[in-house]
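After this come two complexes, each holding chain A, first together with chain B and then together with chain C.
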Partner chain A sequence: MSMPLASSGLQTAQVAEDKLVVSIGPQHPGAGHFRFTITVDGDTIVDVAPDPGYVHRGAEKQTEYRTYLQSIPMLERSSLTDVTNIIGPYSLAAEELMGIEIPPRGQYLRMIMSENQRIMSHLYWLGIQGIFLGHSTMFMWPLGDRDIFVDLGQMIGGARITYSYWIPGGVRNDMPESFKPRALKVFDYFETRLKDYERIFFQNPLFLKRTEDVGVLRREDAIKLGVVGPVLRGSDVKSDTRIDEPYCFYKDLDFEVPSYKECDTYARCMVHLVEMRQSMRIIRQCLEKMPLGPVRVKLSPQQRTNPGEAYARVEAARGAMSFHIISDGSTKPYRVRISVPSMRNLIVLKKLLIGSHVADMPAIYWSLDYWPVEADK
Partner chain B sequence: MSGAQAKQEPSPRAHELVNSLNSTFGQMVSVTVLRPNRIRVQTDRANLRALATFARDMLHFDHCTNVSGTDFPKDKQIQIDYHLGSIDGEDLRSVILGLTCRVPSDDAKLPSLIEIFPSVDLHERETYEMLGVTFEGHPELARLLLPEDWSDIPPMLKAYRLPGRLEGE
Partner chain C sequence: MVAQELEEAPKKPGPGSKSDGPGLNILVGKARQVIQEAIVDPVTYLANWGRLYSLWPVHLETACCSIEWGAVSGPRFDAERYGILEAFGSLRQCDLIVVHGTVTRKMAPRLRWIYDQMPEPKWVIAMGACSITGGVYFDSYNVLPGVDQLVPVDVYVPGCPPRPEELIDAFVLLQDKIRKSNIR
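Let's turn to the complex of A and B:
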């Protein structure tokens, strides 16, 4: 209802009295450094306005000042739970421009670290999803078990979180001999652990009540909005970059890509669970199949590329991560554009939350595995 | 810039796409195959919407994976690349179709593709604030990542230097 003010000609709109605008974040313990406002009518969300950018650090701009190799430690800061996979496509694109081939052992090590990283990222996600649903055991178990995979990563990468391991030219170093027996032991333990997770959380009637038919994203909408990763696979699309456009040696490995017809929050959660099992299956096969040999091609610190452009992508824990690099042939990239899965999945937040209850918001929001630092770059 | 890159043979599926684009648009587009599954189609802004509609309806590309904006101050131009992907198109999942369009820096405007590909929404907003390119027809062309009080030039323009960085660094 609007009425003109006689003297000024201004229009005023009467704001409905029964609606309330609530600001979530950016310091909310659950939302991460991300803010969105919701308009609620009673208990129902009627509007959502996402407001990212609180942790924007200009990663794309900073690459202009660094050589191809110098950008690696800076770029992986954007996605601390998923460091191997964020520099994966960057290295693939740079290698394409440099025109170099990576030794097979280097490729296998890339897959091992990439899958180990996926498990770490999914466990982090599961811990937060657990606590969002009020299940504090499911917060402590995954975060405790995640540490074992952090240890595994440390055996190869040297650091606990930021390894700068996957670099243009291959990987930084070979793995120690003690890795294989240790990894197999960890997988045997974790496979029994996943059964416990399923029993206590994924089959828990409370979990089912909170997630089934909540936040439904239909298949056609998921495709049209261009979502990626577990969100896409939870919406009945069997799409995974590792199958669609295999990089490294994924085409030689045997693994399943889960997808669920339910299209709801439950489906997105189940995708994460299945993927952790498949990641272990992939690493087991890699450990069997990997040949001996060099792990990298040595590049100059001032390595030049051929002028041109490259667009490369890998399947990161949250979905397809892609880099578009334009090179003018110098030692520094002319333009690096990062298309991260978190930003591509943010578009559905509005679609999923409108019409749902306030109490369902945490479950829906975190089922997207939205990582604000990654989205803001 | 892609001119200097060695051209490659397209995959059979990509070859069909190249033929289809060339026979429909002829002189209006210039098609380059960067890699067997990476096709780049350069066009001008007047034909961009028609090209995108054709890519969706006839070539079955159903979503946009990325929008890149690049400043070329020497040419006084800004280049916008739309990268399109396909989920439901047959054998198209490994193919990325890049639609490239250059606009003059002093008239950085082009039609938004949001009605054709709703997935460009946030990518176009980011390009708008980072390069100052206006996407005509975008319903909510507002800032996304930059702070509300940002008063400098768009930061991804080459003329913008990071604080503390010197000229030529």
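Let's turn to the complex of A and C:
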């Protein structure tokens, strides 16, 4: 194929006597489907040009010619590591437009699935961070443990990772009776496992050297640039949608939001670790407090909404995920806007990378938990 | 000669063995097939044998099916048992592309470009409904309806996303295909 190479930054090019432009991606050893061009001066990065959009599939446009229920499987593909949480705000906004109340058992089931999904997403993140740091064990252990949580989700949802579970009107089905004993057993196992993780990965001198004081994002910069989720909490801001704007029954539950003063890559890694522990704590409380009863309000497949606008926000694994739906009263939304945490966190990539070493680039990039499929929608 | 000996072998009493062809002991049947192939064309057999169990995929993740690709390389499903290594090397050493799902208009030229840079022989696995027909994004303005317009596909793996077992099955199918192929 004929393609202009040097001019488009696709090939390494020497732009000045001591400056080199290097293209990274979309085929590179890390998470694919994302490309950025860096300008290096020796070993130091002096400029970064992110180039997202390799997975832009037009999810927002497609919701306009699908009914409210038909959109769900398509929307959840945008973030396969975090399927429950991306459907969450969509359903909450649609319910606000439809004006329906969700039964309490459905709300608890939503929280259980949402937190289970958060653990899965964080474990996947931890595994890939291991790959980025060249630590094979750190890839194998979390991915092995992730499959246990995949099985837990499968007990409720039925599919391996894509169970369109959280839907407008409640949740798709009730959980089986065998879920509770199985989940408690898994959590007991995983809590000892997290101690191992801390000992083997997080206190590993190599891991410390590669992440401490690397990619420092100060508190005021984090607030100014509008980052969300673990990146914001790693920068010493105790912000969490579950506490600030509680949805479901999060206000009745007792859990902590971690935040770290170091503001570096290590702090962002620690936030993920602590959040996994807190998610298990939330599910344990949910399993105890759960009342019996129906789990969903049956909606018609061609459900109409009241005309108007609705906005909803939940705390997804990567940060605040929000949907804004505009309805004209028909069976299909007039316009759906999605604000995803990945895109918000990408903004700081340029700030963090400039001035750092080339070798630190993978650790910084993945500590933002940037998932291109989610960001491009 | 060896093949003749093997034909006589099932007549001896043993577990699962019968005197007729269809009921042959499966291990003996496999051994006979291998030895026959090795005798008929030893060069092809050796070359294919070398390629079979050292497939190196390019690390090009086109979309979200890469999650299940991660699970396949993880310890539970462990595709390395089948001779597939999740390679983190140069694409000039690779001989397999697994197209992980949707290919958009922006990604399509890159996919073809990467395919062109790989040395022969090379194979393509289309993973997921999106890479076969477009999947749930069939009516999107930015998605390629099927990756086979772009690169020749050897094995299709349907599913959205396919389960890891299906992907492993695709690897085995591809190895069967390589085993039967002629070398150029």
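What we mean here is this: the second predicted complex is superposed on the first by the 361 of 377 C-alpha atoms of A that agree within 3 Å, B and C clash if a C-alpha of one lies under 4 Å from a C-alpha of the other, contacts with A are read in each partner's own complex, and residues count from 1 in each chain.
What we mean here is this: a residue touches a chain if its C-beta (ideal position, glycine included) is under 8 Å from a C-beta of that chain, and two chains touch if they have at least 3 such contacts.
Quantities reported herein were computed from a predicted structural model and do not represent experimental measurements.
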Clash or fit: how do chain B and chain C relate after the overlay on chain A? fit
In the superposed arrangement, does A:53 touch chain B (first), chain C (second), both or neither? both
Using the superposition on chain A described above, determine whether A:223 touches chain B (first), chain C (second), both, or neither. first
Of the two partner chains, chain B (first) and chain C (second), which one does A:128 touch, if any: first, second, both, or neither? second
Should A:373 be classified as contacting the first partner (chain B), the second (chain C), both, or neither? second
With both complexes superposed on chain A, which partner does A:146 reach: first (chain B), second (chain C), both or neither? second
Touching A:339 in the superposition: chain B (first), chain C (second), both, neither? first
Examine A:61 and indicate which partner it touches, taking first as chain B and second as chain C; both and neither are also allowed. both
Shortest Cα gap between chain B and chain C in the overlay, whole Å, is 5
Residues on chain A touched by both chain B and chain C 53, 56, 58, 61-62, 65
Per the touch rule, the chain B residues reaching chain A in their complex are 1-2, 4-6, 34-35, 37-38, 40, 62-66, 68-70, 81, 83, 85, 87-88, 93-94, 96, 98, 117-119, 121-123, 126, 130, 143-147, 155-156, 160, 162, 165, 169
Residue ranges of chain A touching chain B (in the complex, touch as defined): 52-53, 56, 58, 60-62, 65, 96, 223-226, 232, 237, 239, 244-245, 306-311, 313, 320, 322, 324, 326-329, 334-335, 337, 339, 343-344, 346-347, 376-377
List of chain C residues in touch with chain A within their complex: 58-64, 66-68, 70-71, 73-76, 88, 91, 100, 102, 104, 106-107, 109-110, 112-114, 116, 136-137, 139-143, 160-161, 163
Touching chain C in the complex: which residues of chain A? 1, 3, 26-29, 31-33, 53-58, 61-62, 65, 73-74, 77-81, 124, 127-128, 131, 139-140, 143-144, 146-147, 150, 160-162, 373
